[in-house]
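Pasting the structures in now, so scroll down.
Presented sequentially are two complexes of chain A, the first with chain B as partner and the second with chain C.
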Partner chain A sequence: MKKIEAIIKPFKLDEVKDALNEMGIKGMTISEVKGYGRQKGHKEIYRGAEYIVDFIPKVKIEIIVEAAMVDAVVTKIRETANTGKIGDGKIFVLPVEEVIRVRTGETGKEAI
Partner chain B sequence: MVDVELRAKRDALEYLWRQGLSGQPLLHKHSRLIDDYLVACFANCPEAGEGMSLVALGGYGRRELFPYSDIDLLLLHAPEAEDRLDPVTQALFYPLWDAGLEVGHGVRTLDACLADARQDFFFQVALLDARHLAGSQPLFSSMHQAFHRELIAGHRREFLQNMMQHRNERHQRYGMHGYQLEPHIKESRGGFRDIQAMLWVSHALFNLQDLQSIEEAGLISSQEKESFGQAWDFLIKIRNRLHYLSGRKNDQLFFEYQEEMAKAFRYSNTRGTLGVERFMQDIYRHLQTIATTTDLFFEHVDETLGSPRANPVEQTIEPGITVRQDRLHLTDQALIEKRPYLLMRLFAHAGKTGLEIHHRSRKIVAANLHLVDDRLRHSKRMAKAFLDVLENARNVLEVLSVMLDTGLLTAYLPEFEQIRALAQHDVYHVFTVDRHLLQTVAELKKLSLNKTPFAGVESPHVLALAALLHDIGKGHHEDHAQRGGKLVAGIAKRLGLTEAETACLQFLVEKHLFLTVTALRRDLEDDAFIRQCAEQIQTPERLTMLYLLSIADAKATGPTAWTEWKSALLLEISLKIAHLLERKDATLPDKSQGAGWMLAQVRALMGKAAPADCTILPEEYLLSFPPEEVAHHLRLRAGLQHEKQAITEAGDHTLFWSVLVMAHDSTGLLAKICGTLALHGLNVVSAQIFTWEDGTAVDVLNVRPAAEQSYAEQDWRALDEDLNLALKNRLGLSHRLVDKFRTAFRSPGQKNVQAAPRVVIDNKASEQYTIIEVFANDRPGLLYDITRTLADFEINIHRARISSDGDQVVDVFYTLDSFATKINNPSFQEEISKALLHIAENETGTGTKLQW
Partner chain C sequence: MDTGDTAFMLIATAMVMLMTPGLALFYGGMVRSKNVLSTVLQSFVCLGVVSIIWVVYGYSLAFGPDVNGLIGNLDWAGLAGVGLEPGKYSATIPHLLFCAFQLMFAVITPALITGTFAERVKFPAFLLFTVLWSTLVYLPVCHWVWGGGWVSGHGGLDFAGGTVIHINSGAAALVAALMFGKRKGWGKESFHPHNLTMTMLGAGILWFGWFGFNAGSALAANGVAVNAFFTTQVATGAALLSWLIAEWLVQGKPTTLGAASGAIAGLVAITPGAGFVGPTSAILIGLVAGALCYFAVLAKSRLGYDDALDVVGVHGVGGLWGALATGLFATTAVNAAGKDGLFFGNPQLLGIQAMDAFTTIAYSVVVTFIILKFVDLVIGLRVSKEEEEQGLDLTQHSEIGYSL
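Right after this comes the complex of A and B.
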């Protein structure tokens, strides 16, 4: 089992979610995150005053899948979230030792 | 086993409830069941009896036992009965515990009771509801009498104050109104505790035992009693079911239960509204009824009993409205009937003074709502007072809440009725729609006090109205923003808004979600899309209003709706749109339509008068003006008779004036124009310079007067004459400018801290032209000096952007040398740079040394 974490642009969330749903992935955790990376925050000047946004708003999607699915899911996310511009985000794949469903106590594949 | 029997009986009770027994009868039946059981227990216990009395307290004492309520018991005993207590408590309490009941129990002597009651206000209140169950009646009676004699009589004011303080603290803890996602029907405002607080106070202070006697004593009106009674009944049914549904003592209407509850009470879905939303709407309305009634009750009693307030002087602030003891009063019923707009004036004064409206006057407002008819809804006086509240009230949320609670708001804006107490069945919207709208107005008010990039709105009343009305279209199957847009048009008309204000209000209501939704769902780096946004929003003013409304709306929605994260996205899209809107050329013709299309438009406009040589118009020029203006320029060209002549035309654009100059192009033309303008006290803020292929120069300069002067006062004819003289080389601009500004120049000691002047010559940015940028500190005549210097080098200026930001000026010139080629020679570039730098650094101007 692997955990896939994708950091993407907020406006791409719906598309990515739909694409994953089509692949049969219904469950995911989504959070609003702040990125401080290569695409730095920026300073805006408007009517003579400065406004600094020191982070870039991003969305994080977390999914647990069986190892066999990883490639397909990562490719799908990459294709869907890609705009070709700076700040499209990153995808991380992490090993997962165990998954337990709280309600039933099921483990492993059954609990995904 | 007794507990088995008890459990069976309670199961039977649940069976009865399933058969339809609910409300008060169920509570009484439950109480009787427990009574019977305890009485039997007490009778069967050999040690119980002499010197002991079993007392029911609290809700059980009142015979209001909900399915899982605590059973509060007191075993009152004489000191001598101490030894026999153990077996009695075992016989009484253990079976209750075994049956799984929550039992609050106390074993006390009479003295201990009184001592505890003195210490603990909650116990004191519980004793108010004490009811004798079994055992010694005289012992109970002596406790009862001692309690009233020692703790209540003579402590009435203290009791009231304690009760009010606890009530306030409870409201703070459980939310100031019941309009929350998951109302606590016992503790929140308008819940059971508020009902009891009123009954306890009536009982303790006036010995009034029920609603009927409270009404007879004149503490509440008969209408109040009726709606209060209905609300109470409704809440009892809700609470009974909620206990059974949760299977425990739960008084909070959790989100998860709401749908099931609604179904149980036969609320079904209709077009546009969910059953659960109407169910919650009824609950909120009943909670509000109780909150309002008890508020008025407490204020009334407090005034009757409480210490006199400071400032006893009565002050009339307008006929029919006075301030007495820091409260606003309506004083003249006859006058209200004659001038019903006084009802709204009362709220305007409340907003202005920050004073509360006296409870009796609130009742007067509620009793006079029939006066709010169609005519009054169109009244200018009424509208003025209403807008005054929205725009200026210090405590706008409170004032509007009272206006809503008295019913005046819905009477005045009947459109509000549909959304009153309307819940939205999701976890995102924490408040009901009406409260959310009031909250939005308040959040907007807070925003306007903070510094945001978008502040300073020209018509704040329109924005405040938009905040109050943006969700007015909810509770219907249509798109709520669109429906809202239609509804506010009618409201705006009644309120007497101008056409422009109405259009703006409609725009704001229809588009109130636009920025937020767009910021989250669309690619903000897509320039074409940002451009579309700008086209929809049209003006910076509207963008500012929309931005402020979006934030206020989100902040008033709930804790999850407004985060730093969303704020960053909203700021980003707004700034992007703002930059586009502030650029003048963004609103000019759509470049995608091309120069050919523009030319066709011009030809269509001019018809036969169109000159054959239309093709002399350069593309860049065609794309910079609307077809009407191009046609106008072509017509003016006919008036250019000879080489050294200029045609000028001024225009008033409120924020700036424009001067159109048409002449045959010659080196130094722009310098002469700038010099003449400076001589006439006009500062150039930006300029567009074009040369047609036939050598006609079309320059549009946007100017501002250096001195306070109106457009009409400016002598435009003299400007025209002087420019024509200058073109004929009959006007010495340099010395005249020095004379004119001699006194205006700063003496060297007064210099502000300024950025160093800079000259940049760039051959890369444009394929066709050499771009010369001059960064300098502004002074009168500067532009004349720069353009004259360029003319001296025989450099032709084809386009220019002149922008001044405070003291710093950035002048950008698109130039070619006298051979119509780019300026490529490095040493020539350096020469130009040095010359311009000399001008820019020269604080006194025109190259001439001045003698001070």
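Right after this comes the complex of A and C.
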């Protein structure tokens, strides 16, 4: 089992969610996050006063899938979240040791 | 005594009173949410502090019998002799009503200055500053212009207080901005206004109250009052649009804050000329005021002083423009008691207007500097860095504006 963490542009969340649902992904956790990568922060001006925006708002999606699904999910996220512009985000794939469903106590593949 | 005039002036006085809470909302919306209450309170408290000063010695020093053209004496301290019969300044309304009307002007002037040191002033320092500034700057300048002092003698025009209130507070605000220094995070953090709906409501209340301020300055329900009412409306509308268009062209977007600020710039600019210029001139005065004050606000960032809520750009620059514009556009066709300006064949008035304005600026700058040095010495002007970070609401008043 693997965990896929995708950090994407907030306005792409709906498209990515719908695309993953169509693939049969049954659940996900999302959070509003802020950060920067190569896009870096930038200066903005309001009423003549400059200020620096260091951290840019993003959405983080967390999904647990079977190892065999990873490539397909990553490809799907890449396709849907891609705008071709800097700041589209990153995808991380991490190993997961165990998954337990709280209600029934099922573990592993069944609990995803 | 005229009951019509008295009824009108009672209402005008109440409208000017409402401007101070209006200003509180206007300023309160422009700061960050952690400082909303402290900002609102600083305006509101002036209603208390200045009312007491006014009765004890303020009205007497401003309007009492003249001493060498510089200040009133203390004959009217405690409002002795200021009664319900018409007085020296008002033939048709009770003297006490004139005193009340003038009180509301004295209240809002130090409240205007609070915008410059918002988000970093110690509350006790603000209080001491307000008492000293009202006493040592407002009262003398008010006397010079309206109380029979040296300015009123040489023929400058200031219908409703462009010099006494706006140039005066704008000049003080510039000194204060320099002496307080920049807010923590200036040039790096965003100081976006936290509630522009509140600011817009405040601007609307100020606009409404300003009809009392300008039309009421006729001191009678007459044609001059109607003229002042009308010029106030159209100059303000013109300035609102002109600021909005200027920033649209420069920044690419019109803003809510720009519309509110433009309206205030127009109100400020028409104040000295409201009863002396016609409606078309008022539109021109407003159009210039909106764009001019917008560029004055932009210049602040380049010049590097942190006048938090743009008291200098709007009241100082707008007030100065209004004083000079009165020297350009005034006409005796509107008000026989006024004078003709440059565009109506009398170039001298412009020079007098400029001299009065710059004298007020010089006096206000010097005395405000001395007062702030003194306050810094005995109390200290600014809160600590840590308190500034937490916000003044919590650290100065143990309250928060919003618990959601």
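Operating definition for what follows: the second predicted complex is superposed on the first by the 112 of 112 C-alpha atoms of A that agree within 3 Å, B and C clash if a C-alpha of one lies under 4 Å from a C-alpha of the other, contacts with A are read in each partner's own complex, and residues count from 1 in each chain.
Everything that follows uses one rule, which is that contacts are C-beta pairs under 8 Å (C-beta built on N, C-alpha and C of every residue); 3 or more make two chains touch, one makes a residue touch a chain.
Predicted, not measured: the structure shown is a model, and the values here were computed from it.
Following the overlay on chain A, a clash is recorded for the pair chain B and chain C. When the two complexes are overlaid on their common chain A, residue A:Lys34 makes contact with chain B while staying clear of chain C. Number of chain A residues touched is higher for B, counting chain B against chain C. In the superposed model, A:Lys9 makes contact with chain B only, not with chain C.
Judged by the touch definition given at the top, the superposed model places A:Lys26 against neither chain B nor chain C.
Look at A:Val53: by the touch rule set out above, it reaches both chain B and chain C. Within the three-chain superposition, the chain B stretch that clashes with chain C turns out to be 454-462, the only such case among 220-228, 238-246, 274-282 or 454-462. Counting contacts as defined above, chain A residues 44, 46-49, 51, 53 meet chain B in one complex and chain C in the other.
Note for the complex: chain A touches chain C at residues 44-53.
By the touch rule above, chain C contacts chain A in their complex via residues 187-192, 247, 251, 255, 257-258, 297-302. Considering their complex, residues 453, 520-525, 563-566, 568-569, 571-572, 575, 578-579, 805-806 of chain B touch chain A. Those residues of chain A whose C-beta lies close enough to touch chain B in the complex are 9-11, 14, 32-34, 44, 46-49, 51, 53, 55-57, 83, 85.
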